[in-house]
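By letter and in written order, the chains are A, B, C and D; residue numbering begins at 1 in each of them.
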Amino acid sequence: MTRRNFLTSTLIAGFAASFAWSPVASAEEIQVGSHMPLTGSLARSGQSFREGMLVAVKMYNDSQTKHQIKVTLIDDETQPAKAVGAVEKLASDGAVAILGGYGSNIVGPASDTANRLGKVYITAGAVSEELVQRGNKNFFRINNNAGYLRGFEGMVEELKAQSVSIVASTREAPMLLAKGLEESLAKKNVKVTLHPFDPAITDFKPIINKVKLQDKSEIIFMSAYENDYVGIIRAAKVLKPGVKLISGAWSLAIPKMYQDFPDLMQNVVGTTPLPYPVDMKDAEGQAFVAAFKTMFNKDIDYAATLSFVKTMVLCEALGRAADAGTLKTGGLADEVRKTKRSSVLGPIAFNETGDNPNFTLAMGQHREGKIVLVSPAEQATGKIAYPGLPW
Amino acid sequence: MLRLEDVTVRFGGLVALKDVSFAMGAGEILGLVGPNGAGKTTLFNTISGLVRPRSGNILFEEREIGGMALHARARLGLGRTFQIPQPMHHLTVRENLTVAQVFGAGKSDPARIDEILQVMELAEHAERDAATELALQELKRLEIAKALATNPRLLLLDEVLAGLESQAKRRFIAKLRELHQRYGLTIVIVEHDIETISTLCSRAVVLNFGQVIADGAPDDVFRNPAVVESYTGTADA
Amino acid sequence: MLELSQQAIFSGLLVGSVYALVALGIALTFGAMKIINLAHGELVLLAAYMAYFIESRTGWNPYAAIPLAFAITAVVSIAVYLLIDRIKLHRELNSLILTFAIGIILTNGILLVFASDVRSTNSPVLQDALSFHTVYAMKGELTAFVVSLAVMSALWWWLKLSWYGRAVRAVSSNRDAAMLMGIDPRRVELAAFLVAGILASVAGVALFTMSVVQPALGPALTVKAFVVTVLAGVGSIPGVFCAALLLGVTEAMTVTLASSALQELVGMVLFLLVLFFMPNGLFGARARRG
Amino acid sequence: MVVKNLPGILLALAACLIPLVYGGNGYIMGLMVSGLIVAGVALAWALLGNLGGMVSFGHAAFFGVGAYASALLSAKAGLPVPLSLLAGGAVAALSSLAMLPALRLSGPYFALAILAYAHIFKILATELSWLTGGSAGFARFPVLPTIAGIDFSSRIGSYWLLVVMVGLCLLAYRAVKASHVGTALRAMAESEDATRVVGVNATLLKAWMLLLSAFITGLFGAMNAHIINFLEPDYAFSGTWSVLPIIAAIFGGYRTILGPVAGAVAIYLFDQLVAKAILPVGHQIILGVLLAGMILIAPNGLFGLFGKKKTGAAHAAA
């Protein structure tokens, strides 16, 4: 093994490789690159992304015989410079498109690089508005801030709540969502109070006490991450503010949170595409759940689902472009743009900026280890417990 | 040249100098004497800026310098030596003088450095590492050389003659006279040996317990009963 | 507003007591050896993960983990001391970098063993709420406060009365003089690190019961503890305790009166102001100017 | 002369050879570019440590300030990128003026005071969202330009630009070290009073070193910003920018001029190509072991050992 080969092979996640090197002889092989945060601060999401992507690639390759898609995955370590390096390496190794990573600050520069190299870049983990305002014609994304926003907003409307307290981490994505909600809920005459907090703080009692004594809101919305959720709910459990519901954004309405912190999660509501135990209504969703179970021996989660959908969308566009013979001549971006399909995340279609304006998430409520979809009404699998609190 | 007015220095509760006052004119060589612990080195530290006085004024050429930083006083023309030589580490003898000249005198003049090296009999050691490769007497001469390189008008010498046997001491006294002449210096020298003070200095100031107990011509001063008592008293103790 | 402030002060005091436990470990080793142990936060974190290990395996109360936590932190703390002791040149700064490196090793070691998931106690007893009139706390927090106070009193008493305490003080004021008095400074320094290990083990378990831990937390703990020692001015246990409570309350009041996003800012600014303008700290007696 | 400059010549040669061998490999070139960014910061860190006698744990402060200053000036004030890079360095130097009070503190306190500044700057960058975009980040600013047909935004282009910049900074460092100021600073490390008493304004010289170090760090922070083209406070002021340079400089030998630069590139490549392959999660543990080992066994760095044997040139390493 030459040194370069050694280096290269060690950088490619072994799992991806095992799929990559079992092509059907007659099929045309299409090379796709991917960078994801397998290590670093977003590693948990990155690992789920990887799993969802691998399932999608396998399902696509098994579903037809004309094209075989081969994915090469590089760990970007949750660092922008490494993601940029990864995109360059993948492009120079012949990838025709990039399946993107997680976090706007990483996806931003990585997709810039992909654009400069003329490669299509698709992601499901970057919600910053800046990304779709760059005029990058090769950039596509499945989810966006607006989708999370609509999910929660819809629930507030259904519950006819008059006041919301938002407790938001000053990190990028949480703040973006919090600011968006503050604005849009205010337009609907809901009283909103925003409490930004530094990610370093751990004692949330002073904030919750403000909610309790000053805001007197009906709903607490947490725009933050796992460790913050635990601290906030615990503080709320102690102070028992007179709210009717505790809710939050990503990584909250997931089974693992209930497994780790059963005392805190009961009745807590978070954004989620799916109930738990998973109950898929369409065939693709059922196949996804089954394949995921076979490959990883566990249930699908939210990030894996996002990644699955984005990968499926790209695979199908790749197939169409290859059929049309435009893959080498820059036709891929047009084919992605033509996407119009339903998915486990709802309808997918891209506008001219590459955004998916249809993206909306449902709200799910923790109930005795299960997650019940409680909003919007048409997707609900159960009635919301409202008022419903962990205490 | 130099005037001290009621200078008082305290370290915590300890009074190291109490209301010290004296003045000296340009060109004088003043001997500063007193038993160990009388405050002679503290006085030097106060004049050169290592120690801040609690109260009182220090005037150098009619300019108040009591609040000035150490380096600023050096640049005004105030040079000093340390009783325990403090060469600049990691520098050769020549570099020691160059740094002193560049920063203390504000110019670079290699010819003058060579001259000082000659005068202080350090020329053959010029390229040695100052901190590790010099003998004690060479280090003491380097102390003076460094001070000279800053182009001082007032030079404070702290026991530069200590440890010399009598012939060498006579030679060194002649050397100091030569420097005094050649560079137009005003000198304050701390020295224990009464004879040295008498031959070298035009005036002596005696400190005891941080206070000036006598000030005048050396021969008069050493006949002063208070001075005699302070010395013999210490010697007996 | 009054009620808000009451709760903020109360919360701040509870949090401050754990700051104090962490800070005391740093202050102790600094006092004995003039060395800032930048791995101390990781030591505390290590103890917290021991508490998690015991609780998740056995379902016992996390405080039952203190013996195990102490065994581990003591071993690591002594190892840190022995390594520092090998440094001969520029000890002050090189030991800073060395303990910083040990911190990196511990953080990543914890990450490798326990993964990056957030952990906290699941004990219902500790999570229960308690209220006194208008102020509220989790039982875990109150327990931590009481434990912290008890440990600090014990340490204060020990340092004041025991032979070792006097020796520590002698060594920290003048190493050479202490040697002349027949005190072996190395034994005293070792003892200081050992006691710092005890403090870290208690602090870690307390932290686990009242807050959330994750592998990346170590440096933040160290920095916070260092801020406390600077505010206190190295010198006395009551000083450290007061400074820690002051920091805790200041932070909580910042959250209440201004924005919680500014909490860290206020702590840091306070730190710098004391560092620049009160070289002896708020309660201490020793200078740190160069 | 040639023998004395041998390590430098070898490094320069290696810098020229790498694009010839790996020029087509975007990944390796990307690693080199990142490695050179770290090298620039490590150089600046070592300059402050070696000449100024001050160890800093917060160079991320200057890195972030330089990055934001250059990005904002080029995007909002329309400053051409080459000028905004320099302005980034200048603003970082300006920001270091706020740290002047810290110069009076002794070693460990200075190190940690600078860390506090890095924290404060990061929080300010988050809070001043009208200017910096806050935590949502800031993306729309120009990339490195194309000048005289050379596209500096390409990997090869940025590589050469960085090589030249690191080279110039090395020369500047060497010039300062060889000057009277450098001599005085060398003396100051262990004989501060003796140096001050001959007229050296110790605080002023240290302040100049801090300023210079901040300028260089800011410059490389600005470079990195225009290469990555996305800024957010967590990234721009990330502790990585304080930690990696320390490891690199200690590894290479922070008392030498070339050591930190060689150390940075070596450490970065090692971490990415070897350590990461052995331990995908937590591979920084290897860097920690390396750093601890270096401090214990060879506090003057590998380059320090090497340099000493080669030249016998002496006391800078004390």
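Just so it is clear, contacts are C-beta pairs under 8 Å (C-beta built on N, C-alpha and C of every residue); 3 or more make two chains touch, one makes a residue touch a chain.
It should be emphasised that the depicted structure is a prediction, and the values quoted were computed from it without experimental measurement.
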Check: Using the mean of all protein Cα atoms as the middle point, what chain has its own Cα mean nearest that point?
Finding: D
Note to self: Farthest chain from chain D, going by the mean of C-alpha atoms per chain?
What the structure shows: B
Checklist line | Computed distance of Cα centres, chain C from chain A, in Å | finding: 38
Notebook entry, point to check: Hey, how far is the Cα centre of chain A from the one of chain B, in Å?
Noted result: 76
Item checked: Averaged-CA centre spacing for the pair chain C and chain B, given as whole angstrom -> 50
Margin query: Taking the mean of the C-alpha atoms as each chain's centre, how many Å separate chain B from chain D?
Written below: 44
Next item on the list: Specify, in ascending order, the residues of chain D that touch 2 or more different other chains.
Entry: 123, 126, 281-283
Margin query: Going by the contact rule already set, what residues in chain C reach two or more other chains?
Written below: 261-262, 264
Next item on the list: Send over the residues of chain B in touch with two or more other chains.
Entry: none
Notebook entry, point to check: Among the chains present, which pairs are found to touch?
Noted result: A-C, A-D, B-D, C-D
Checklist line | chain D residues touching chain B - in the complex, by the definition given at the top | finding: 180, 183-184, 186-187, 189-191, 193-202, 314-316, 318
Notebook entry, point to check: For chain D, which residues are in contact with chain C within the complex?
Noted result: 55, 57, 101-102, 104-113, 115-117, 119-120, 123-124, 126-127, 192, 239, 243, 246-247, 250, 279, 281-285, 287-289, 291-292, 295-296, 299
Next item on the list: Using the touch definition up top, name the residues of chain C that touch chain A in the complex.
Entry: 3-4, 7-8, 11, 14-15, 116-120, 122, 124, 127, 129, 136-138, 211-212, 214, 216, 220, 251-253, 255-256, 259-264
Next item on the list: Give every residue of chain D touching chain A within the complex, in rising order.
Entry: 24-27, 29-31, 33-34, 37, 123, 126, 133-140, 143, 153, 155, 224, 227-232, 234-235, 240, 272-273, 276-277, 280-283
Checklist line | Parts of chain C lying in touch with chain D, wherever the complex brings them together | finding: 36, 83, 86-87, 89-90, 92-94, 96-98, 100-105, 107-109, 111-112, 219, 223, 226-227, 230, 261-262, 264-265, 268-269, 271-272, 275-276, 288-290
